[in-house]
Amino acid sequence: MNPLKKLWNYVTDTQVWKSIFRHGTPDNPRDQSLAVLSNVALHLHPVKTRKSGVRMSFTWCMGGLTFFIFLVESVTGILLMFYYRPTLEFAYNDIIALREHVPLGILREIHRWGAHSMVITVWLHMFRVFMTGSYKPPREFNWGVGVILLVLTMLLSFTGYLLPWDQLAIWAITVGANMGAATPFAGVEGPGTMLLKIGDISLVHSGNDAKFGLLAGRFIGEATLLRFYVLHCIALPFVAAMLIAVHFWRVRKDGGISGPL
Amino acid sequence: MADTDEGLTRREFINWFWVGWATFSIALGAIATLLGRFLFPNVLFEKPMSFRAGKPDEYGPGVDERFKDTQNVWIVRSPEGFYVLSTVCTHLGCTPNWLSSEKKFKCPCHGSGFRPTGQHFEGPAPRPLERYSLALDDTGNLRIDKSRKIRDVNQWNDPDFLLKV
Amino acid sequence: MAAGQPPNNKETVYNSRVLSKWFAIASILLLVVTIWAAIQDYARPWKVYQRQTQKIATAVNERKLLEADKAMNKQQLEKIEKDIVGIVRKQSEVTKEIDAKIAAIEAQRYGVTKRYQTEKGKLDEAHYKLEVAIKKRVDNIKDLMAQYKKDEKEVAKLARAEERVRLASEKAQADRKDILSKESELDSQMKALTRTRDQLNKAIGNTELNLVNIARNAPLLDFISPTVKINQVILNGLYDDYFFNKVPRVDRCMTCHVNANMAGYEDFPQPFATHSKLHLIAGPESPHPAEKVGCTVCHAGVPQSADFNNAAHTPRDPVQAAEWEAKYHFHYSHHIKTAMIPLQMTEGKCIQCHAKEVVLEDAPTFNAGMRLVERYGCYGCHKFAGHFEKLATEKKSGPSLTLVASKVDADWLKKWLWDPKSYRPSTLMPAFWQVHNNSDEASLERGRVEVDAISHLIMAKSKKYEPLQLASKVVGDAARGKTLVAQVGCIGCHAVEDVVVTRPTNPKEPGYKDPRVPMFGPELNQLGSKVSYEWLVSWLKEPKHYWEQTAMPSMKLTDQETADIAVYLLEKRNPEFEALPVPVANEAVRDDMVVEFLVGQMPTRDARVKLASMSLEEKQSFLGDKLISHYGCYACHAIEGYENAPNLGAELTVEGSKEVTKFAFDNVEIPHTSRDAWIYTKIRTPRIWDVGKKRDFQAKTRMPHFGFTSEQATALAAIVIGYENKNVSDEMTAKVDARKEQIIAGHRLINQKNCIGCHALENKEHPLGGEILAHYADKSEGPPLLYTEGRKVQADWLFKYLKNTNIMIRPWVKVRMPVYGLSDNQTTTIVKYFSAYDQSPSLFASRQGNALSDSEIRQAEGLVKELGCLTCHAVLAPGADPSGAAPHFANIKARLNGDWLIPWLENPNSIMPGTRMPALWPNEDPLDEKSARIGVPGYLNGDAKKQIELIRDYLFQYPGKAELPPPEPLPPKTVAVPATPAAAAGR
Amino acid sequence: MEWLKDVVNFLSNPTIFFTGAVVLWVLIMKYYRIWTAPKFIKTVTILSVIALGAALFDPNFAKEALKPDNVPIWIMIYSVGFFFWLAMRRGLLNDDLMAEGLPNLEKQESDKRVYTWPDLVYSELICMVLFTAFLVGWSVILKAPLEDPANAGVTPAIAKAPWYFLGLQEILVYYDPWMAGVILPGLIVVGLIAMPYFDMNPKGNGYYTIKERFWALWVWGFGFVVLWIALIFLGTFMRGPGWNFFGPFEYWDSHKVVALANINLSEIVWVQLFNIGLPSNILVRESVGIILTVLYMSVIPPLLAKTFLKKLYEEMGLVRYSLMIVLVLIMASLPIKMYLRWSFNLKYIVSIPEYMFNL
């Protein structure tokens, strides 16, 4: 026997190996099934998939890619958090540091372009689901979850946009935040807001309207930066992760990748 | 199903069931509301929105620029009374210049022109300059409150925004 | 079955009804604690305080409203209201017409304006396109140009049309306003009448407990428009250092102390009270408005906190601590670095910004503290920044010892050192021996050796001194001496038991003396036990002869006066002191000590050998030298050979921000979290830290025991705490301009020369000094008050006078302006100080009178006669009784300022309270100082104003020699004294 | 070449651009049989790449087109185009198969199940690795942008939201922020979530098809491709300083002057038509606009239910139909408002600035 093969056999025979991998080489139906079943990541998939659903030309792999980018963004994001401080004094400096001298500062580029890519892949995934009519029963609910995930993706990207704290960032967020101020009955510049009054006292004003809630202040400032940072790094990813779990679980429960009945 | 079981009537059972879920929903609602309130801070690290601007006698008639740079307002003394103009152009937010010889504000960015009342009359500005609230405080000083503003001509005579001295 | 009801399955572990019940109970519990959390948030202490404050404010404003309502002229108001109704009725016809007209014009104007603006916009766009085309060199540029020109004309037409309607509209509007002007005028009259009432009503509406306000502050709703809110000041200019980051401080004190900067709440308890010095601190009109400087810059504490304990309040004393404990669960916090400063020490924090200053208006503790540091010479051992750092290079606080052997004998010196207060209870000299850490038998034995050695070396180093001699045959008389001491001004600086001065207790009265600050000079009640007649007469004649830097001036005494005073003072003895034994050094202890010090330089055996070879004198000198260095005598006294010796005390420049954990509290029973308590205790009982500790001699605390009273120690502690890491930036502090610099320099010199011992300075509302004045029932008998001095006298006259005080001004005054021997620089400092303080228009240009014609002079002479000025103001004949005389008129032209004379002549008493000068032109209304004055009939049509001016002008032309010598001194009862050169120098 | 650029600049004018997009969409949905041919699409792709490459020689075009933050838009345009083609192509093939009574491509295989390992697992892995390589390569070539430090006092010549929101920002030209920024995005989300409940067509579930759900594709695609993607393109590349229009080859001149000649419906009625001033009563002043709006929202739905959409209405029932038609009408109001603006300079149909209510 060839020594490499011998070594391989020896390794796969150890208790350590066996404790980790509960299956043999997946070259037979049993081990193919076990490979998927006994792996926490792979068991998102069923053991067997509809043949039409495996085809790239059908799924475009956009859902999978979106999830993958979510993971890429999480990992790069966590790494970037080691260098980035969400304060007026340091935010911009830290981005410069990433650009100029932090080892492998390219992580910021990967994070940013990944974010853009994720927006595109999410749209394309939705587009594919629409084109194949996969939102139809029994998948209506999961489509709804998907729509919320789409919104979350864009919000994640939007909140991240502020963090470099450059002109591009604050003015883009200003444009967005001013929309909040125009919310009917909840924004200080929204229609009908000025009707909400008791005597002299405005119920909705620049100190408590929707824009204020978004920015944590009347103008974009340190509190906004912190608020967006927390939303971007903790709150939105947390919600997204929960919904992704629901989304995947419902894909399985609703019959796996869609196909003609 | 039996009406009575282990001393509890069905009616009681239903009551407990609904009391439980109703209270639970109310409690969750209350917690959610409290958390929502949590996102609106009681105090901010912002420049105070109101400031003291000295005695009315310190102002001559016309446009006063002393608070232009520090507070972004013009204080105008007109025959009708005092009013406070925002220095933010209503077009795209640049700061217009006061041209005293021509008696107008002229925005350097896109050429919007405003009369001393704040009325726009040339250029792309869609609205008059905004006005801030002002009043006399206990010590007879002008106090300007930038958290209240008006943008509509019809409100110009509101006593909170036009101070007769 | 109700929807959602779970199946009543028999196979469940728990009965589902029981589960439902438990679930309900759990949910109720959850709801209750949730509500609890909301309530707790609502009941935060600061919210409670603010609600209470609002209640108080409502009550106060309601009371004011009642008054305002009473004060309002109701009849006038009713009349105006009636008038308005009438006018409005009449107006309505006319306005209807004009309103219709305006509406028509406006309708037209809208269209015309809109059209013009549209077309103008299009033209502008065309213009832009034309420019682009020109740049691009498009072919059909001519056509474009022509089209543009044509359009331009069209738009110009539109512009004219727009202008026409605009003018028409403006005219119509103006007409309308004209018609309504009467009404609007009445309207504003009415508003003016009711303004106070309306404002108060509005204020009450914001604070009273009505449904709207309850809703505004209700839990959850209070984000809408709360009236209960955090009041904060962001202090741009006061930065806290958070690990390399300078962060602007945020003060939230006024969240609870809501009324701190509002007048009208003086009588309420904290936290509702107004600041006690609103005009100076916190008030919006004060130099330190709370909006700008906040609170913690002076009070310290945790600025961001709105909670009693977290804010680190510090009680004034244990009584208050106990009170707070009951009320707020007060406790000292262990982890707060910047606890608040107890109220009685707060003034020390003035140093934060007023680092160079020594006198601040209305800051008695600061002023007392600064003077105590200066007088007790703390700066001799401890380094401070600012004023004291400079002072340390200028002056030592104790007398020079270079000639001391001529003044006292060795035994006296030993007894003095051993216990200074046994000779003079009020002395500033601290006790080095027989205090907390060296009163045991061994230490006393050792102490006697030390005293012996030190006094030996000081005597040995003392140089030969030739005292000034009086003319021979002058015999002093104690009774005359006693009179003189009370008369010439000795008591401005010295306490004498025969002259008891009862000083006022109100600091705003001239003659007030802060009881915390000791008399400037030593008390003169035991001199006979110390110095000799020869030394004393020399000292009295010319103090600088003995000690160049002494603050003691020459009193211009004649030889006879000198002798009289000397005899009188030497009669005063301290028999108890004289009876005290002289401390005697123990030989064995001395030898041990010599060895102890030698061991520092050589091995013990060599030291023993060396000891054996030393004579007694050598031993004493060797020990004396070591001990003077050890105790730092040279810090306060000039001793030859110790000119460059180092500071012995800890530097105190940033003592106020020293971390509490770095203070050694040892066994002393004070709160171990309190910086101020430690510093206070250290100042009061410096050696207490060694009690109960076993320490070598060299390691024992050396700081001497000054015997400060509690008040003195508090003032000193305030100053020490005031010195801290500077975190106030320049932008926040008031700029020290040239005028301020001059005042500060003046204050420094005044403190050094004790001008305030006799003169009251600055202004009558806040007089500075005049400590002797209480001695005089008739204030005009005392040293003159120097209010408005900067405007009063001519600067060059003042300079000359200070350099040579031998000029007669007030013949009746017996107290003497002594000769200080000021340098030109010092004199200029004083002159500039006065003119800067009184904001005299210019230092060197003094306005005198206008030139008068002969007829005017005649008129003036008549007026002077009529008014009887010369009864007092004539030149005093030699030998005449000076008690009724006033400054003679000829003196004025060189001395006074014309502009100052006018208000002086109008109302002398308002400038110098208690002056003998009467107001010669009485007010028409005696109770109103501002009412017109009644002139002397027959002169200048009885116009008082013109008469005053005429007198002023006349005085500047008054004939005669301006400077006359002072009046003859009291004729000696015995032999006439021939003038000697020394006597002349003494004048 | 200059004339060609001028022509393109002219054609990119929002009016023409948007109209062109609508017309193109109609044509695409009508003649999909032609352009889904692989040869056709290959030619179009190659031509478009050549045209794009050539256009990049123009500095004005290259400046915006190659901005790092705009690169994703090109990726999106091409990928949406490609996948749209792919979906339509497969739909066509399926339709043809089904027309012959044969099972469609998906149906042929949907009953067969294959082991997930290795087919799906590996193809996904390959996708991920390829994408990672692509992403890293992209990051190496293009650096993430970073402008001057934030300064609220310095207003940039143009403040743009992130590119994926530029469709909404473009709508701001026609609607006030409360509509463009709050109501419309909200309705997009609500509409998308509600869509499965409106679409009563049971066919076309799980496979590509065109014929079986032609109108669903038409309406949804119009929203996605024309109202979303095309407006993003317009907003990114054709909106310069002051949100003024600039052709792709035009220099972004921040001093460009554009006449603001827009007027409200009330002004058209009262001032231009009746030549009297604006009535002071707000409701009277805006009565025409309010009546028109109410008519649009209340009369058209029943009218359609009776006529064109009769079948649909019967299938869906009252509630579903009403909700759907409201959403569709609001979506349709956007192009309607756009065309009203372009043809009549109409600023607002209802304009109540007193309460900040402008429609």
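We call the chains A, B, C and D, going by the order they appear; numbering starts again at 1 in every chain.
Assume a contact is a pair of C-beta atoms (placed from the backbone, for glycine too) under 8 Å apart; a residue touches a chain by one contact, two chains touch by 3 or more.
All figures in this text were calculated on a predicted structure; none of them were measured in a lab.
**Student:** Comparing B-C against A-B, which pair counts more contacting C-beta pairs?
**Tutor:** By number of C-beta pairs in contact, B-C is the larger.
**Student:** Identify the chain whose mean C-alpha position lies nearest to the mean of all protein C-alpha atoms shown.
**Tutor:** That would be B.
**Student:** Averaged over CA atoms, how far is the centre of chain B from the centre of chain D? Could you give it in whole Å?
**Tutor:** 36
**Student:** From the C-alpha centre of chain B to that of chain C, how far is it in Å?
**Tutor:** 42
**Student:** Quick one: report the Å distance separating chain C from chain D, using the average Cα coordinate of each chain.
**Tutor:** Each chain reduced to its C-alpha mean, chain C and chain D end up 73 Å apart.
**Student:** Specify, in ascending order, the residues of chain B that touch 2 or more different other chains.
**Tutor:** In chain B, 40, 45 touch at least two other chains.
**Student:** In chain C, which residues are in touch with two or more of the other chains?
**Tutor:** In chain C, 223 touch at least two other chains.
**Student:** Could you tell me which residues belong to chain A and also touch two or more other chains?
**Tutor:** Touching at least two other chains: 202, 205, 207-208, 219.
**Student:** Using the touch rule from the top, collect the residues of chain A that touch chain D in their complex.
**Tutor:** By the definition above, chain A touches chain D via 26, 29, 32-33, 35-36, 42, 45-58, 60-61, 64-65, 68-69, 72, 92, 95-96, 99, 106, 108-110, 112-114, 116-117, 119-120, 123-124, 127-128, 130-137, 139-140, 143-144, 147-148, 150-151, 154, 157-158, 161, 164-172, 174-176, 178-184, 187, 189-195, 219-220, 258-261.
**Student:** If you look only at chain C, which of its residues touch chain D in the complex?
**Tutor:** So the residues of chain C touching chain D come out as 103-104, 106-111, 114, 118, 121-125, 127-128.
**Student:** So in the complex, the part of chain C that touches chain B is made up of which residues?
**Tutor:** Residue positions touching the partner: 1-2, 4-5, 8, 15, 17, 20-21, 23-24, 26-28, 30-31, 34-35, 37-38, 120, 188, 191, 199, 220, 222-223, 226, 229-230, 232-234, 250, 252, 262-263, 284-285, 291.
**Student:** If you look only at chain B, which of its residues touch chain C in the complex?
**Tutor:** It comes out as residues 1-2, 5-6, 8, 12-14, 16-21, 23-24, 26-27, 30-31, 33-34, 37, 40, 42-43, 45, 47-48, 52, 122, 136, 138-139, 141, 164.
**Student:** Going by the contact rule set out above, which residues of chain A touch chain C in the complex?
**Tutor:** Residues 89, 198-199, 201-205, 207-208 of chain A touch chain C in their complex.
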